[in-house]
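Should a chain be cited, it is by its letter among A, B, C and D, assigned in written order, with residues numbered from 1 in that chain.
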Amino acid sequence: MAKEIKTIGVLTSGGDAPGMNAAIRAVVRTAIARGLKVKGIKKGYQGLLNEEIIDMEAKDVSDIIQRGGTILGTARCLEFKEAEGQKKGAEICRKHGIDGIVVIGGDGSYRGAQALSRLGINTIGLPGTIDLDIACTEYTIGFDTAVNTAMQAIDKVKDTSSSHERCSIIEVMGRNAGYIALWCGIANGAEDILLPEKYDYNEQNIINNIITNRKHGKTHHIIINAEGIGHSTSMARRIEAATGIETRATILGYMQRGGSPTAKDRYYASIMGAYAVDIMLEGKTNRVVGYQHGEFIDFDIEEALQMQKGINEYQFEVSHLLSI
Amino acid sequence: MAKEIKTIGVLTSGGDAPGMNAAIRAVVRTAIARGLKVKGIKKGYQGLLNEEIIDMEAKDVSDIIQRGGTILGTARCLEFKEAEGQKKGAEICRKHGIDGIVVIGGDGSYRGAQALSRLGINTIGLPGTIDLDIACTEYTIGFDTAVNTAMQAIDKVKDTSSSHERCSIIEVMGRNAGYIALWCGIANGAEDILLPEKYDYNEQNIINNIITNRKHGKTHHIIINAEGIGHSTSMARRIEAATGIETRATILGYMQRGGSPTAKDRYYASIMGAYAVDIMLEGKTNRVVGYQHGEFIDFDIEEALQMQKGINEYQFEVSHLLSI
Amino acid sequence: MAKEIKTIGVLTSGGDAPGMNAAIRAVVRTAIARGLKVKGIKKGYQGLLNEEIIDMEAKDVSDIIQRGGTILGTARCLEFKEAEGQKKGAEICRKHGIDGIVVIGGDGSYRGAQALSRLGINTIGLPGTIDLDIACTEYTIGFDTAVNTAMQAIDKVKDTSSSHERCSIIEVMGRNAGYIALWCGIANGAEDILLPEKYDYNEQNIINNIITNRKHGKTHHIIINAEGIGHSTSMARRIEAATGIETRATILGYMQRGGSPTAKDRYYASIMGAYAVDIMLEGKTNRVVGYQHGEFIDFDIEEALQMQKGINEYQFEVSHLLSI
Amino acid sequence: MAKEIKTIGVLTSGGDAPGMNAAIRAVVRTAIARGLKVKGIKKGYQGLLNEEIIDMEAKDVSDIIQRGGTILGTARCLEFKEAEGQKKGAEICRKHGIDGIVVIGGDGSYRGAQALSRLGINTIGLPGTIDLDIACTEYTIGFDTAVNTAMQAIDKVKDTSSSHERCSIIEVMGRNAGYIALWCGIANGAEDILLPEKYDYNEQNIINNIITNRKHGKTHHIIINAEGIGHSTSMARRIEAATGIETRATILGYMQRGGSPTAKDRYYASIMGAYAVDIMLEGKTNRVVGYQHGEFIDFDIEEALQMQKGINEYQFEVSHLLSI
């Protein structure tokens, strides 16, 4: 028989992402509307272990849906990767009367949620990462905002790149996943896109492409480079040396993690937050919420962690067709 | 046997939408990359009848992916609703060697495409409308940009509404469909959302809601009203009279149709434009491209026009839960 | 001998304006840095009379510089226009130990400041209004943000106006002053600009201008209309009837009062806030801070209220030259 | 007697800046409105020497006021620093019937304008640089847009910096001038601002400041570093080592040079462009246009180049007061 849930906790874990506040707000208000009590846990699992736990009312999440970052704070926590720390965490939950926790974060955060679930604390994960690199879901909280932030910055770089007839390399976030790079590549009309999943490290191809385009009258050349490839500054030096064309690198960096969330990030994060509370009330635990095939659904965490996803081949081909 | 396609035309029809330029660019460049010739048809079906037809090269669509509006222009055309006009249009296509046309527009534009298809001109429709009111697809070109534009404007109205402790009614576009209103309602954390699909015209409920919220300490009250409900200004007057709380209406209007497209509108419109060309090359005609269940697919136009879609009940319920 | 100032109050009055929070922050932190105590007075003079007065520390103004609206709230107050109310206000100041008040608001707010000054409470006014209609200063808090907000909205309207070859009338704020209209007129490249200071109500001139431009190949016609002229919707109907060209009106409304302030509004409001505290410490009272001839300076309130300013003739002429 | 001006040229030189297109548009349209012919010179002085010269009509500058970059292109030109190249340039002007040139660019561009003036080609300079480092003017084309771009990016970095309780160093443009850094420092509420004009390279002060702030409960620490100081990445490493607080550097780079210009950059660049044409018609040459003490005025180029300007001491002091 399903455990009765009277009080839930909510925390954000791993790298922050725009839309996390919308998810927190939705968890808090849905829970209260369903008659539950809510505790906010600060600074992820670290804050749980430090008992940085506060009561949350509906008004505590007023006026946050439009803000970047996470009002709860986030942190990495090595201690919670160990059985000892996890056990301590479950005990602290019990001490504070927390029956279940909604964990908003990336893949790395779900292992902790699994552990808590095994220890009797119901857990539901929400996919919060700008990198879109969670296999069970086509949507992750923060990706849409991060892509729009990067795209708008690249639009600006392209202006000056065209005025000076430069080549520009713009490095976007994505250590293992090239989704931000692919999206910006298409959305900014880039001439080359370097993804961890696809790039063959053949710089000569890029150089040839630049020279050919210049002959055909293109006055700029935009290369979107994913963080996972990196080395944009040295790449710029080599390309300038090989082509004789002024080449500059820009590493967009942390601005991609912040900013007021887009409509999609506010909307989807809100629905996911409500959904997490509602399936917890159905007795579910050890689940992660995803958006797949046009629906919000949930998966067993272990299954979700075994899934794989990659770059869509047709869309990658289109990125090349459109840069002619 | 499928007709061989050597030259395709592209036109935009009905109300313009941000992302139409990205779709035009993708049609032009994919067609050229696939070895076709491309003709741009100006001002929709009206321009076809007036033979406002231009050759398009890859460079003619440079530097347009980031721009609102449509470089081809658009117009309504009563003449093309008649068999006479449609026949004339097909003849003009033949005269200019146009084997197929990609039509970017709303539901209304597909009837013309059907007619052209029956008359031997292959046609593929792309869903271009900010209203999201095309049943066969979860995505329409322009919706994402329009929602973000409206949302950002409403964020600003909310600032001043809070400073003055006002009630604000903001009217967003959507004559028959409340999607923009629902999205803004959730994304802006509105207290009330009035949708053509759901609103019971019981203004007393809204008034009671305002009075209750004020008692609970809320310092503003945001009502998102869809164009299909309308009458925001008189509604504001009645609410102010009934509640004694200063109430103001803002009708966002045409700004929602313009502006640089979001990443999603640029990306999806690009993929859809390429996809339209590629299925035309497979011999398809009388089809409309959609995005459904996580995939880009295509439907028979007649079937697509028979489909229905509505407001998701769970998401509508969540919009109420979150405004407590 | 100048009165010793130990505690100052700060309030915002009249219509809110983006940058007011930056000014509040600067008043609070400069005062604390100079060794003073600070009281925040909520909802303008009304809040003063209601004794809605709170202690403010440096951290109370953290993370507000980037926010629209005013954290103190604002309201109109008829009672404070009477000698009775003013006397009560001064007594409440004394009761709370408030030696001086910084009043952030428009012309209307300075009368109250004068009265308090006469009653022994030192007062310094800061020019807070999006309309730029304070004669003693070339800068008012909020104007720069409001103009940018309006301009960006008009850029979007222009996109769709061009796609449909429409005429668009866009009404911007400014009841007695046409500065927002003039600035948008030039910044958006409008074909006509209607200012309260200049417009002769000769609609036939506008109609002729539209017809001439259309003949010369212009595909849109943008008219910026100041609120002080108004009647945009009926004007649109008349112009459409007279020209046969589809004409639409958009009234931008309250969004112009909100939004995250621009760099200029944050910077100037910050300097002005600090300056207000520093001149109060020099013993000044009954002064208003302005920016004139490249400097932050201060004026006697009565003198400031007697000043006049108008539309620069050369700049108004340029607005016509550039719309050819 | 003043030379009669019948045809003027316009070029952009040095680093591009948002608003240059507004200035080009104003030069072209004012000149045409005054009965002149206009030639556009591409790629600065280099394009002049290469005779990349085109006729410009009013419609050639349609729809550019809102765009970043420069439609004429820009480039550096060593050849034009020599007497030989300057003589050749003046001859090419005469060959093309160009009586005068408006040069939009930074200090470096005015030497070339002086030379042309001595050689009989009337010249007027407009201050175009995002760095604000032209001494004769309080306004330069592009600064306002660049500061707003940087400020908005820093707002986003601050979001994630707060969520993770990090220290963030953000490097903004300004090789010799710290204006962008000072403005962002105040507008973003930075804890430290490092300017070429003021920084004493005493990193220990910064480290102490971080440690003190952390003790007082501040959850982030933003350092704005001007390009002229540089070395942000190594500085971040040293600060992290000394404080034990996670510290990250972001170098905003070229995005600061692009983007749609702000209202101020569109408005002032428009007035300056018109003004340049009008004083050229009065027979003036070898002048640079500036904005000083609330007015658009003009200076002898040599005088202008001898002027000095620095950081305002009071405003710099305020930047410290407000970061408590």
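Note that a residue touches a chain if its C-beta (ideal position, glycine included) is under 8 Å from a C-beta of that chain, and two chains touch if they have at least 3 such contacts.
Given the structure is predicted, the values throughout are model-derived calculations rather than measurements.
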Chain copies touching (chain A, chain D) - same or different residues, decided at half shared: same
Whole-Å separation of chain centres (CA-atom averages), chain A against chain B: 28
Chain A-chain D separation of Cα centroids, rounded to whole Å: 36
Distance between the centres, which are taken as Cα means, of chain C and chain A, whole angstrom: 39
For chain B, residues contacting two or more additional chains: 155, 162
Chain-to-chain touches, reported pairwise for every pair that qualifies: A-B, A-D, B-C, C-D
Footprint of chain C on chain B - complex, ascending: 12, 15-16, 18, 67-70, 73-75, 149, 153-165, 168, 219, 248-259
Footprint of chain C on chain D - complex, ascending: 25-26, 29-30, 32-33, 58-59, 63, 65-66, 138, 144, 147-148, 151, 155, 162, 183-184, 186-189, 217, 260, 262-264, 266-267, 270-271, 274-275, 292-294, 314-315, 318, 321-322, 324
